[in-house]
Every structure is written in structure tokens, then in C-alpha cells.
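Both of the next two complexes hold subunit A, though its partner changes from subunit B to subunit C.
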Partner chain A sequence: MTGKKIVFGLFEDEEILMKAVKNVRNEGLKITDVLTPFPVHGLDEIMGLRQTKLHSAGFVFGMTGTLTALTFILWVSTANYPINYAGKPYLSLPSWIPITFELTVLFAAIGMTLTYLYLNRLAPGMKPKILDERITSHMFAMTFEINAETSENKKEEIRNVLKANGAVEIHEKDWDTL
Partner chain B sequence: MSDNNKFEFTGKQKKTFLIMMVVGIIAVLIGLLAGSVSKQRFWANLLLESVFFTGIAACAIFMIAAHQIGLAGWNIVVRRVTESITKFTLIGGLFIMVIVVGTAVGYHDLYHWSNNFLTEQQVTQAEITEYEEHHAGGHHVGGHETEEQHDNGEHKTNEHDGTKEDHEQNSFNTSEVNYIFTSTDDSTHAASADGLVENPYYDKILDGKEPYLNPPFFILRAIIFLGLWSFIAYKLRRISLAEDLGNGTDAWYMKTKFWSAIFLVIWAVTSSMMAWDWVMSLDPHWYSTLFGWYNFISLWITSMCVTVLLLIYLKSKGYIKEVNQNHLHDLGKYIFGFSIFWTYLWFSQFMLIWYANIPEETIYFLQRKREYNPLFFGNLIINFLMPFLVLMRRDAKRSLTVLTIMAVVLIIGHWNDFFVMIMPATVGADWHISYFEVGMFLFFAGMFLYTVFYQLSKASLIAVKHPFLKESLGHHQ
Partner chain C sequence: MFVSPIREPLIQGHKTYAQMSDDIIGPVEAKPTKMWLAAVTFCGLVALTGFTMIGLTITYGIGMWGLNKTVGWAWDITNFVWWIGIGHAGTLISAILLLFRQKWRTGVNRSAEAMTIFAVMCAGLFPIIHMGRVWLAFFIFPYPNTRGPVWSNFNSPLLWDVFAISTYFTVSVLFWYTGLIPDLATVRDRAKTAFRKKIYNIFCFGWTGSAKHWQRFESLSLVLAGLSTPLVLSVHTIVSFDFATSIVPGWHTTIFPPYFVAGAIFSGFAMVLSLMLVVRKVFKLEQYITLAHIESMNKVIILTGSIVGVAYITELFVSWYSQNQYEQYAFINRSTGPYWWSYWGMMTCNVVSPQLFWIKKLRRSVVFTFFMSIFINVGMWFERFVIIVTSVHRDYITSAWTMYYPTYVEIFIYIGTIGFFMTLFLLFAKVAPVIALAEVKAILKTAGDQYTGEHATHVQHEHAVEHMHDEKKDGNFGTELKPI
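Coming up: the complex of A and B.
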């Protein structure tokens, strides 16, 4: 048990939400996340999110695929089971490129998909943490992470800010029991 | 819309472009008059630059048409620049016509298939003598092995072992094919009753391709391609300009859509055929099915690089503030993606030929690898590795500096790509990249930029009444 809790406000409209995000950030509060039922253009910039690192993961997965393909074909066609085809040398790079390319794409695609699913708690066997069912259909949530040490003053401040910026409901939930 | 979109073609810019053209002409004249530049090299360079710059302009029409049919909204703010580029199609096309017509009236320097002599089985002795006189004594590369090459009966079987690096390309191909397909008997010069003898240079392959590769049809095709492209470029531009003045937008939009759809159908066929005609037929014994797409993609990337450079230039002068990083990011993605597609085509073409290992096909790559080694491999490094590694990151595609550098690099890279396609078949091992090549490039670049800037100055830089303008202004990613 980490004692991690989530305070979140529910919004009914994306325009109100966008304004709220701007205001809350201006007041110096750190927003943990904003949850929307559909992609909202420009929200990431307003929230000041850094770029996802999924791309870098994709590059690493891709390189793994490239190296796997090259080393495997190299081993098979020069050491393990060399076959002479068309009188070409055993080590003929051009004929390996298509497989290498395929494996690069395969590793990158599958690796990125699994990473994405894992990070979003959607991977097989994982239970997604849904703060409120309505976030998946028509409402927007702005969340703040707090813990046992967070002072009452701070909590009160968050609640007030949410209310002042148009949140229709404010809840607090225990992260671990979600 | 702000008034910063009335582009002024300043006297300074005009002067710069005119100086580029004059310097180019002077370089070409020096080369020709001093005698250090062969006729072959002149024609090959003229072909290279006309195909390159006309292709850039024609691909800009494709850019407009494809986005129109794809109902794209993001590119509307970029569109006037693309439109201005399309207007070079006609001017570049005139230079292509000079080459094409020149081929038919007896300049056999580029397209040796156009020589009727090679496709006749029975000829007179006088014609043979004439042909030999014309082609012996150093067509362009010394010609020290032509005697042996031309003697049909004594071919060596080791034509492919790489010992003869600098023979004259035309006769090399001819004799090689004779060896493979026809010459089993030695009765070549036996005169028949009507004074005709068997043509020792008879080229069965060229004879077979004659229904397609013959000068009248060649000229007709060029007229059709260039005529259609220029006409549609003119139409699209006129409709777009009329839209600025008109009231309702629907009618203009539908008209653009109509001409775009027609252009795409035409382009699907003509883009491939132009590459067969103007570039691939330089090596008439060799063929590759995907050559047309390969050429098209190469030109399209260049076209987008030119668009990016123009946009960044205009922005630096304070125009089109509406074009922001999001639009350039999209163009950057295109450049990145199609650079990889270009590599895919390059490699597909190479690997199949490498695998099959048929001499008449491998000769194409063999010659390039031997005689154009740095350019041949540099091609892959510049046009694949550089954009792949540099433009992969999002930040890179959104940085004006990186985009500018990559656009310049890729324009040079794809110019080199065409150089490696055209030069081996024309000047062979005797290639240069010196003042003459640079001069020819400068002349065309000056002419191209003058046309584009002139067109830019003729109308607002933003199509103010386009129905998708708002979408384009708010483009975001």
C-alpha cells in the first residue's frame, strides 16, 4: 500500500476543461493527468506534457529486430547450414535485407503495441484503473495525485480551484483499490 | 487576412536569378567553344536538367491534385507556392522538346535507338561505311577498342569479366546483343543480288522495340505528356486565382476537383512513361518495370524539398506567417516517408537484378558501380541514410534549420540520382562534375526560380477564399 490517492474533478465540456487546465497551471498547481473520452487537439500543449518516449522504445525494438535477423541469418547461412544458391557467396547481404526489414518492422510494431498496452494497463491480465465510468463516454476528468502526507490545506486548495474552474463534481479515490 | 501576403518580386531577386542564368550560359558557352566539352556531354547535361526541373514542376501538379482528391485541408496555406512551381512545366517542357525533336532530326548523341540503321537487317555497304565513320575514332571515350567491338565474327566471350572498363557504350551494347542473339555464322558481308548486305550492326532488340521506340511516336508522346501537364497546370492555377475574386466557393472547388481527378489518371500513366522515354531508353537494351515509379518518387521528394525551401524563405522575409511548424512538419513527414519509399524502390530494383544475375540486366549496375562508384553509393547514403537518421525525430521535422539543411541535401542527392541514371548511358566513364555541369544547373535553377517568384508575385500567397482555409489555418498536430 502506497497510500496514493487521486483527487479529480469532472467536467462536462472540453472548452471549459481547456480553460480550466490553463488557469490551474497558471495558479501553480501540478496537474497529474487529464482524462478525456476522445482525443482533444492541443490539450497536450496546454498541459505542458513532454513528448512520449514510445518512439524511442520503438527505435530500440526495431534495432533489436534488425540485429536478431542479421545474426540469425548470418549464423544459418555461413555456419550452421550453408547452401550454395545461384553460385552466390554464403555471406550475401542483399538477399538478407528483405527478412531483416520485415523483422525490424515486426519487432518495432509488436514491441510498441505491447509497451503501449502495458503502460495503459490494457495488457492481457491487467485490470485498467477507471476513476469513473462516465470518463469513457461523455465526461472529462482533471486529476491530482495526493498521498497520506498531503496536508488538508493543499487538498482544500485543489478542491477550490476545481470548483472555481467549472468542475461539476469532485471526488477522491484510493489508487490501490481502483 | 493580413496584407503580408502580397509578395513583391524585388529587383534584387530578379538580378540574382538573371545573374545565375547568365553565369550558367557563360559556363556552357566556355565549355562548348573551348572544345573541352563533347557534344554528348552537352546534350546529356541538358537532358538531365530539363527532366529534373520539369519533373519538379510536374510533381507539384500531382501534389495539388492528390491533396484535392484526398480532401486534404491542411495544405491550403502552402498551396499557392506549389501552384507557382507548377508553372515551370511549360518552360522546362520546351527544353525537353528541343532534345526530343533534336533526336528525331539526326542528333543521335543521346538516344541511339533512334538511328534507323541499327534496326535494318539489310543495308548497303555505303551505309555501313558511313555508320563506321561516324562512330569510329572516339565517339566520346577514345574509342580504342571499337575495331574489335565492331567485328561481329570475333567476339570474345569474356565481355562481362570487367577487363574493358571504358569502351564506348553504344557499340558495346550492340555487339553484345549480336553475340547473344544472332551471330552464329560468319557470312556477314556476303552481298545479295540487289547490292544489299547483311547489317553487321543489326540490333534485334531495338528492332523488336521499334513500334514503341521510334522518333515520330517519341515526339508525339512528349507533346502529349507535356501538353497535358502544362494545360492542367494552367487550368488549376487559373481556377485558383479566379476563386480569390469570386464569391461562392463551391463552383471553383468542384472545378479544381474535376481537373485534379483527370490529372491523376493522366499522371498515373504518363509519369511512368516519361521515365521510360526520357531516361530509361538511354539504355534501350535494359529495362526495369518499376523504373517509372522510382523516377517519380525521386522527383516528388525534390519537389517537396523545393516547396519547403521556398516556404522557409518566404517566412524569413516576413510573408505567410500563416504557415507554421505544423504545416512544415507535415511536409517533413512526407519527405521522410517517401525517402524510405525511394530506398524501397531502389533496393527492389537492385536486388531482383542482383539475384537473377542476367548479364544484360546486371550490366546496368556493374557499369555504375565501376565507373560511378562514389556517386552510386553516395546516392544511397544521401538519399536514404541521411533523411532516415536526421528526419526521424519529431523535433527535427519541426525545426526550420534542420528542414532547410535536409531539403538542400536531398535536392543535391536526387540531382545526383538522375546524374547516375543518365550519364553512364551517354558519356560513359568520361564523366565530370565541374564548371560545365554547375553552369547548366545554375542556368536552369535561375530560370526556375525566376518563373516561380514571378508567379508568386502575381497573386496573394494565401488562397483567401478556399473553403478549407480555416481548417488549414488551425492545422495542428
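Coming up: the complex of A and C.
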């Protein structure tokens, strides 16, 4: 038992939530996470999240695909087993472009999706901590991590801030029993 | 965000987020109706008949088909190209329209993507069974072997096709499923029984909706859309290379790639409409798949249908202009030869009929659109039949001229794939939300009828105005714009 607990407020609208996130951060409280039923544009910026580097990973995977295709076809057609097709040159780059393109896309898509699943810890059989079942449907949650040592004053402050910024419900749950 | 008041709302009925979950996930939670069971049984039986005929083909060989030494490609490749083309609309809607920021895409993208995947599965069957010895189908992949190793021919469009179709299928599945994950999590959290929860938790990979996850989700969808856009264009381009790089009169034309891509999108949108018009009625989703959606899709049909029409006429002109007698005869034979009916069927369905959509009343009529969508699908099947069969049945030497007639085996394989496609779609519609729930929720504030259009009741929020100023700074909007 870590004694870790989560205090969270539920909001009904993303515009109220966005304002709340701004205000809460201005008051100097550290928001652990914000859970929403759909992607809210601009929320990551307001929360101060770093821009994801996932797309750069996609570029690297794509380039790996390009190089794999080109080097492999080059090796097969000019070194390993060159075959004369109607007297055409062994090294015929233009006709390799389609497969090179397809492999670039294939590598980028598969690599990026796997990276995405890994970073988000998403996989079949994961046991997620579900704070409230309405969060994936129509409620927005702002969460704060606390523990056994957190003072009553601090908890009270979090609750007050949530209430003042439009949270319609405020709950506290044990992380371990979720 | 500022929305022009002339934009039609895309979500009707003053919906709240909770109502949207109810409306869209409701059909997944409801007990299967008798209608659904009857439909799935019927389609399943049709699919089974098709697979039996494939079994016959594999057991006794390609001799079960009507092919002969002159006509080596007929219904098999016609069906292959037809199905692949149908798949293209799904990727166009989910990828290209995402890049163009078309909001109406959210109402139909999920089903259209599912349709893409099922259509590509049907398409993939044909090249495999037309090989005859299907157990040697793995020969098409470059793998180390004891025959040299003789690798596959990387200069051949048929091998490009192998790579194009398999990449297309894989990327479509990834795009579709990553988008489906958050919606499956919604189904999980609404589930009443522990078993149902467990099953959907497995399929939604344990999604919770954290802000960081959504940020990565958006980045992934954008890049996958960026990758799928050239991919979808490349796939049908490469399919057209199967013909264009040959020296058969009627096939050997450089117009093929754009002509095939436009035709693919044309037929795909027709299929999306055929399915969605039924889905919106059966699942009562008229408020999410509105007349505005249907009209937008019909506009895409006019555009692509006109491109296809121009391509047909260009082809005709070029065959005359080429002054090559074989090329000229290919087209005379298409329009006046023994298969004239398929040529004129294609011309009527694909060139003449979509022009009726210039009339606003017709493109906003559900019944008319439904019949039209069937018409276009028939026309596009004829197009592939015309290109393939009429070009090869009389090419160069008159002694080799012959006719082609399908056998019952080929006919039932084709009908069987339609049954297979419908079975998969019915199963999908029962276990997963047919509308991209999270994405539709994300456009509520800009496209819901309480916020935009004639019946708007909400005045734009302070926040929204603030946001507009930000965008003005970026130079996205003119200075004369006023909040609604």
C-alpha cells in the first residue's frame, strides 16, 4: 500500500474545464492529469504539456522503410541474383519507386502505432484505473495526486479551487483499490 | 472557434454529450433484433455459397471458370478492381478530408473505414484464387528460397500491387482501430455486466482518456492521415499500372492512373451512401448523418463522376488521334462490338446519371441518392468489365478473337463476396459504434444545431470569442468577421 490517493473534480463542459485548468495553474496547484471523453483542442497547451515527439518517431520509422526497400532491392537485383528482364539495366531505380514508397508508409505506420501504444501503455489485457465511468462519455475530470502525508489544509484548498472553478462533483479515491 | 452562419449544422436535435453517447452506443447495447439476425443469416449463407464455389475452383482448377486462351482475365480481375475501388472512399473520407478539415467527415468516417477494410478483404481474394494453385500463393513474396534464390521481379507492376494492397490493408486497419479504441472504452464504461466490461476492456486496450494520450492520439491520426493520403492515391495508380504498362490496345494509356483513382473514389462514395442511408435509418442516426452529409458526399460524386466522364471521352479521342488501327478498333469494338451493352451501361450509369446531382433537390433526396448509389456501383462494375474483357477478347490476330461468358462458379463467387462484405459490416455494426463518437463530440460546439445555423440558441461564449482573436492574430480570418 502506497497510500496514494486521487482527488478529482468532474466538469460538464470543456469550455468551463479549460478555464478551470488555466485558473488552477495560475493559483500554483499542480494538476496530475485531465481526463476527457474526446480530444479537446488546446487543452495540452493550457496544461503546459510538452509537444509530443511521436511524429518525429514516425519520420525515423519511415526512413528505415525507405532504406530497407532500396538496399534490399538493390542487393537482390545487382548482387545476389541479377536477372535480365528484356535487356533492361539491373539497376533500374524508377521501377523500384512504388515498392520503396509502400514500404516507407508501411514502416512509418506500424512503427508509429506501436510507439503510440507503448507510450500510452495501451495493450489488450491492461487494467486501467477508472476514476468514474462517465469520463469516457460526457464528464471531464481534473485530478490531483495526494498521499497519506497530505495535510487537511491542502486537501481543502484543492476542493475549494475545484468548486470555485465549476466542478459539479468532487471525489476522493484510493489509487490502490481502484 | 468562429463558424460562418451559412454553414449547415451537422448534428441536429440540440444534443448533449450524454445524449450522443446514448444515441450512438445504444444500438450496440440493444439485443440483436430479428431483422438483424435474419439479415446476418442471409448474408452469411450467400457468403458460404461463394466460398463453396471458391472451394470448387481450388479443387478442380480455373477450368471451372469461363476463361480461355484469349481472355485470361475477366470477372476475377473485374471484381478485384471493383472492390479495391470501393475501399478508396473510406480512406478519402478519413484521411484526405481530415487534412482538409472537413467536419462532416466525422459522421461517416468510422463506417467508411470499416467498409474499406472489408472491401479490401473481398478484393484480396480474387488475385489469390485466380492464380489457380493457391497453395503456392506465397511465391509472390520475396523470401529466401532454394531456387537460386530467384527473387520476385521488382520491376513488375503485379509485384508492386502485392506491396500496395498489403500496405493499404495494414495501414487502413491501424488507422481504423486506433480511432476505435476511445469509443470502445466508452462502450466498456457503459457496460452493465462484468463480462461485457472485461471483453470491451480487452478490445479498448485499457483506454482512460488522459490528456497526454489524447495529444498523442491527435498526432498519430494526423500523421496516419498524411501517410494514407498519398497511399490511397498510389494504390489505385498501381492497380492501373497492371494494365497501363502492358501493350494491349485500350490498356496502354497514360491517362489510367488519375482516371482509375477518380473512378475508385466515385464508386467508393456510392457504396458509402448505399450503406449509410440504410444504417442511419435502421439505427435512427438521422440527426448525426444529416442531409448536409449526404449532400456533401453527392458533391464529391459529381466531381469524381465528371472526372471519370472526361477520362472516357479523352480515351476515345486519343484512340482516334493516335492513328493506330489497333487502338482505334479497341474503341470501336467497345462501343459497337458484341459487348456494346456493357459500354453503354457504363456510359449511362457513370457519365450521365451523376450529372443529375447538379439539381439541389435531387442531391438532398434520400431515396433518389440511394437508387443513384446502386446505379453508380453497377456502372463502375461495367467499367472494369469493359476495360478488361472487351480489350482482350479482340486484340491483334483475328484468329485468336473469341467471346467470354462467365460460368455459374464465377457468378456465385462474385455474389458471395457481396454477402461476405455485408456479413462483416453487419457484425461490425453490432459490436462497435458505427459513428466515431469521440470525433463527433469534438465538433458539437462548432457544428451542433444549438450553436450554429438557423435554430441556434446559444450565443457564442466569451471563450470562443477569445479564441477567435487568437486566430485573427495568425491571419486565418479577415477583420470584418463578427461573432454570431
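In the analysis below, the second predicted complex is superposed on the first by the 133 of 178 C-alpha atoms of A that agree within 3 Å, B and C clash if a C-alpha of one lies under 4 Å from a C-alpha of the other, contacts with A are read in each partner's own complex, and residues count from 1 in each chain.
Everything below uses one rule, namely that a contact is a pair of C-beta atoms (placed from the backbone, for glycine too) under 8 Å apart; a residue touches a chain by one contact, two chains touch by 3 or more.
Not measured: the values here are computed from a predicted model.
Contacts of A:95 after superposition on the shared chain: both subunit B and subunit C are touched. Here subunit B and subunit C are compared by how many residues of subunit A each touches, and C touches more. Once chain A of one complex is fitted onto chain A of the other, the partner contacts of A:28 are absent, as it touches neither subunit B nor subunit C.
Judged by the touch definition given at the top, the superposed model places A:124 against subunit C, while subunit B stays out of reach.
Once the two complexes are overlaid on chain A, the subunit A residues touched by subunit B in the first and by subunit C in the second are 41-42, 55, 95, 98. Subunit A contributes residues 41-42, 51, 55, 59, 86, 94-95, 97-98 to its touches with subunit B in the complex. Put simply, subunit C touches subunit A in their complex at residues 16-18, 20-21, 142, 148-151, 153-155, 157, 159-160, 163-164, 166-167, 170-171, 174-175, 178, 181-182, 185-186, 188-190, 201-203, 205-220, 222-224, 227-228, 230-231, 234, 238, 241, 437-439, 441-442, 445, 461, 463-464, 467. Taken together, the subunit A residues at the contact with subunit C in this complex read 14-15, 18-19, 33-44, 47, 49, 52, 54-55, 58, 62, 72-73, 76-77, 80-81, 83, 85, 88, 92, 95-96, 98-99, 101-103, 105-106, 108-110, 112-113, 116-117, 119-130, 133-138. Contacts from subunit B toward subunit A in the complex involve residues 347, 350-351, 354-355, 357, 392-394, 476.
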